[in-house]
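Listed below are the structures to be examined.
Note that chain A is present in both complexes that follow, paired respectively with chain B and with chain C.
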Partner chain A sequence: MPPTARISKKAACRMAEAIITQIITGLSISSILLLVALGLAIIYGTTGVINLAHGEFVMLGAYTAWALQTFIGIGLIESLVLIFMCVALFGWIIERIVIRHLYDRPLDTILATWGVGIMAQQAIRLIAGGELRYVEMPSSLGSSISLFGIETSAFRIFVLVLAVALFGVTWYLMYRTSFGMKLRAITQNREVASAFGINSNRIYSLTFAYGAGLAGLAGALVSPLKSVSPEMGTTYVVDAFMVVVLGGVESLVGTIASSAILGEVTGFLAFYTDDTIAKATVFFAIVILIRFRPQGLFSTKDRS
Partner chain B sequence: MSRRTAIQIGTYGFVCIAILLVPSFVDDAFILNKYARYLVFGILAMALSLSWGYTGILNLGQATSFGVGSYCMAMSLKLKTIPVHTGSAGLPDFMVWNNVTELPWFWVPFHSLGFGLAAGIAVPVILAAALGWFMFKGRVTGVYVAIITLAWLVVVNLLIIDQQRYTGGFNGITDLAQLEIFGFTFDAYDSSIFYLIGVCLMVSLFFALAVTKSKAGLILQAIRDHEDRVRYFGYDVANFKIFAFSVSAGIAGLAGMLYTIVMEFASPTFIGVPLSLSVVIWCAVGGRQSLLGAMLGAIIVTGMQGALSESETFLETWTLIMGGIFVAVVLLMPKGLAGAAEALLNRLLKSDDNETTPITSAAHQPPAKRERAS
Partner chain C sequence: MKIGRRSFLRRSAAAGAAAAAGFPMVWIKDSSLAYAAGGEIKVGVLFSLTGTTGIIEESLNKATIMAIEEINDQGGINGMKIVPVIEDPASDPATFAEKARKLVLSDKCVSVFGSYTSASRKAVLPVFEKRKNLYWYPTLYEGRECSKNVIYTGAVPNQQQDEFVPWLVKNFGKRWYLIGSNYIYPKEENNYCKKLLKELGAEVVNEEYVPLGHSEFSSVVNKFRSEKPDVIFSTVVGDSVVALHRQYRAAGLDPAKMPMASLTTSENEVAAMGGDAAAGHFTSAPYFMVWDSPENHTFVENYRARWGEDKVTHFVSEPCYFQVKMFHQAVSKLAASDINPANIREAVKGVELIAPQGKVRLDGATLHTYLWPKIGLCKSDGQFEIIKQSPDWLEPVPYKAYPNQTCTETGLVES
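Then we have the complex of A and B:
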């Protein structure tokens, strides 16, 4: 074999390696997007509430993880269930006090949840301080594992697997349980569903709590990867909304597919340019897309 | 002209005159500068009322137009600074620090102050029209508009911070010259700036009022109340929405320019989510369906904020209180303070104005329970 051919083969190998690394990075971004967007999509799809406090639920999850680790000494993995419960409870209370009065004023839910969001943000800033906090990575997942010959952080793989698992749980909950059946009945027609004896208030609060809990889990899982601050929620909520806009709200499949697409595209663009340019490009692409396909990529219903 | 319109114009005129009289009673330059800033926010909130309260376009990215206007003004004023502040060949100082050797092409026209002033309004209008074209022609409505405008705000903010070489990045554009028109200099700490802003406020307020009273304005309100019915009548709903969205952006751009003049710098925080959120709060508190209400809402809330945050205890808790007030207003008083004033006016007029009241008040009814967005 001539030497040049050997070199080009090596280069091709390195190229493939770089591409696989990028795909895995993209999947890692996708899994976090999916976790945040899933709760958002369920809440919006069911109740019609645009939850701008969703980013703050993410932030609360991250702070709960931090508090449990710093003050009580529970590791991240062990505390996940507790974090889910805490943030879900918070979401449930918010739904009881504020959101339930606004179901026939969808635009106002944006305002009310935004107000709740700033209050949560400021409350955390007063209680925990405005400085950055750090959550330790679980020691069992701190190492890196080899995937297709690429060294990858075990924790990122764990997040990916967990995100897919939670997606599965959500799908099961929606399509294979009586709770899910009631929920889908209410989504189709609240009045008729109520006439059949379904307690829609209760289903709504539970849905909201579940969505909030998912956001809390997302926050806990990103906390070892990024620093924890009171403002951290804003970026996540905007990105998650882009997922919902791209994927449409009716289908869970749309949510997972558009998370995957957005994560991969952002990852690749960020590799060639930088994070900001990647974000801006993705945003402009979505704006152009909705002009020609307003219902999103995976949905058949109109945006009205 | 109905009696109600006459009362409205009278009230608007009265408030404007009262604002213009303020410098006669206040001669502290710093306080005047502070009040001038509140007025700028009043213009900004009024612009949002035009798109949100009158047309039903909840624009969460109102600060984008404000910030873009502010940067246009700052670019022009930066190039007017005396050579001490600029680098070689008239380069702004931050470009020199970032090793930019030549003035970028989009900075060149800003050597002309006239261009800068026009761009401060035209650029936000063009950007809004373009974004509006994509959104409204695609029949994106309601909450999706809110989300896309919010994302738009975040993206523009990130881009401006990212492109430090051309925008000054995180620090913004500082060390500006004072605005000089026809040989008259507007000093930021002087009553001249207050009058400039007061007059701009009056002009934009009455311009917006004229828009809402025109036939197009009635169609805008009809779109807010029931978009499909307007479409069945044969109107191109998207064009009307783009119009309202752009006019609102233009007024916000004007407010941004004035803010640069009064603050003497431009910063990425002018395109920040917190400011954009505040605008929505002012509008909601004052009454989104009233131009004057939104404007006064902004002046009252920012005035309260200015007064309260001077004391140590309130500085920290202010945001918390503001969030609480906001949630309460949304829940209990969806039409804000102006709604309460209107209810009072209705009661006063009811006794002797029986023929016109039912018709005009019908236009002020809350929109019929809208179908839930799905």
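Then we have the complex of A and C:
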């Protein structure tokens, strides 16, 4: 083979490797964004509650994973259902005590959920201490595997698969079950739906609990890759709102699309420049996009 | 009863004059008769017990208190007991300044032991310089300071890197990747590192800064994979340390070929990241808990007996301990009526003692400390193995990266 053809084959191989690596990295970042934002999308999209305590639900999921592992000895994968239940229960309690009274007062929900978030952070600090906690990565997923010729962390692929699966479950719940139908009815018009005999209070509680449970799962799944601390939630709530605002309110498809876009763009920019510039650029781009399309990418109606 | 304006003014003027006359010390500034009054020497202890850096600063508080208790049990300083005044600035630099002012002005402490972050030190510095008091700072930091009101017992860049960097180049290679958190400490350390690497003929393949608290390192790991550096010089701090190590491990990278070399990974961070993510990487510090010396064994045993068997000592809590002992030595040389911050500063110059890490000395010119840098390899059980101990103590040169500036006994000299 002439030397030029050989060189270009190697270069093409390396370029293909680079592209696949980029895509996989971007998907991994997207999957974490999706997990965290999905719960918020459900809560904000259906009930209109601006839940600033969402990051703390993520943090509580991580701490539940740590507690189950340290004190009872259950591994991460086995405890996922339990973690979902625990954080969902906590979300349900918060909804009944605090959120229930604020459905017609969106500005007050901001203050109330912010307060809940602060209290949750300090409560965890008092109970579990402020030091960084360790959640063990499941040994079956601890190594790296070769995907399309690229070495990737098996755990990140697992998180990606689980994120897509949870999205599927949520979509099914929203569009193929009677619960979902009732939820969509209430979202369109709460009074008329109640007139049809739908118990809107119960549906709202269950929805909030479901969103909280999803956030808890996100926290548990993220914890073996990072660390568990009382303040870990604050960055996640910002990212989650970015995804939801960009994707459009009330649109599940918008959530998955915007997390994919944000994840890939952040990963790409971070590789070629660095993380600080990537974050700043992405924020800036979202601001510009919202200026010209305030309803987000996929919304059917404006946020009012 | 109606009080007229004139009579009110008259009465308050009279009261004010009486007060001023009755308490003459109001007119006397820096009356040092207050410092060692009543056979007690008051010192301030200014470490956060709550807030983001609360956990690590709590251990510094504990080490300081233990040292004070040991001195008091042995009779105090020339028979006078040290009384610690403990304040909690809650990880907020502005509160640090406020509490420092309280300790210096209203509690009349003759010295204050405190601070972990550079931000908190910079916030309290004006208080100590204006009030001519003495601040004892135990934490490793970026250098470039020459205050005559601070005693620095933590390592500066030249002490941490002068032996570490050449050793790494010799054992691993010349292509270096520098990654740090985005603030002054990593930037100064990287600045110094680049100077050393240039002299050794090594190259920096990339220098990158991530936001403080950043935890998503997948792009960074990708860059490690594509650039294939020989050494990753990491100055990320806090949560980022744990996230970076864990994601490095999850991606299947090999520390035997591409080790991470850090200045900030202590026994605490290793406990949070798990032994398998920490194993194989290097840290340079003057102190590790496993250091085999009689003084260190006593230190660790006493610390665990006092505060709990599960506690660890690390390279910031050890200077907290020995700086109080230096204070003891310095103040013992003074007569009770001469105890004030300026005299303590003069007395502590040249003080030597056997700290848990080895024999240390307070350099009179820079007010920094001669220390014994060690290179530790982390093992999977979470403890360090000391690979290399410096053959001699290393002189602190806080401005070594800036050859036209030197810290001397009179202050910073530019040339």
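Definition applied: the second predicted complex is superposed on the first by the 300 of 304 C-alpha atoms of A that agree within 3 Å, B and C clash if a C-alpha of one lies under 4 Å from a C-alpha of the other, contacts with A are read in each partner's own complex, and residues count from 1 in each chain.
In the analysis below, contacts are C-beta pairs under 8 Å (C-beta built on N, C-alpha and C of every residue); 3 or more make two chains touch, one makes a residue touch a chain.
These figures come from a predicted structure and were not determined experimentally.
Q: What is the contact status of A:L111 with respect to chain B (first) and chain C (second): first, second, both, or neither?
A: In the superposition, A:L111 touches chain B alone.
Q: Contact-wise, after the overlay, does A:N189 reach chain B, chain C, both or neither (first, second, both, neither)?
A: A:N189: touches no partner chain.
Q: Give one of first, second, both or neither to describe whether A:I29 is in contact with chain B, with chain C, with both, or with none.
A: The second partner, chain C, only.
Q: For A:R291, decide between first (touching chain B), second (touching chain C), both and neither.
A: Only chain B is touched by A:R291; chain C is not.
Q: Does chain B (first) or chain C (second) touch A:S140, or do both, or does neither?
A: So A:S140 meets neither chain B nor chain C here.
Q: By residue count, which of the two partners contacts chain A more extensively, chain B or chain C?
A: B
Q: When the two structures are overlaid on chain A, which partner does A:S8 contact: first (chain B), second (chain C), both, or neither?
A: Neither: A:S8 stays clear of chain B and chain C.
Q: Touch check for A:D274: first (chain B), second (chain C), both, or neither?
A: In the superposition, A:D274 contacts both chain B and chain C.
Q: Looking at A:N199 after the superposition, I want to know if it touches chain B, chain C, both of them or none. Which is it: first, second, both, neither?
A: A:N199: touches no partner chain.
Q: On the A-aligned overlay, A:T177 touches which partner chain: chain B = first, chain C = second, or both, or neither?
A: After superposition on chain A, A:T177 lies in contact with neither partner.
Q: Which parts of chain A are in contact with chain B and also with chain C?
A: 235, 274, 276, 279
Q: Note which residues of chain C are touching chain A in the complex, please.
A: So the residues of chain C in touch with chain A come to 50, 52, 54-55, 182, 208-211, 213-216, 218-220, 222-223, 225-226, 239, 242-243, 246-247, 249-252, 268-269, 271-274, 276.
Q: Quick check on the complex: what are the chain A residues that touch chain C?
A: Against chain C, chain A makes touches at 18, 21-22, 25, 28-29, 32, 125, 129-134, 136-137, 142-144, 151-156, 224-227, 229, 231-232, 235, 266-267, 270-271, 274-276, 278-279.
Q: How about chain B: which of its residues touch chain A in the complex?
A: These residues of chain B touch chain A: 56, 58, 60, 131, 133-135, 137-144, 146-148, 150-152, 154-155, 158-159, 161-162, 227, 273, 277, 280-281, 284, 316-317, 319-320, 322-324, 326-327, 330-331, 334, 369-374.
Q: Which stretch or stretches of chain A touch chain B in the complex?
A: That would be residues 44-45, 48, 50, 98, 101-108, 110-112, 114-119, 121-123, 126, 187, 234-235, 238, 241-242, 244-245, 249, 274, 276-277, 279-280, 283-284, 286-288, 290-292, 294, 301-304 of chain A.
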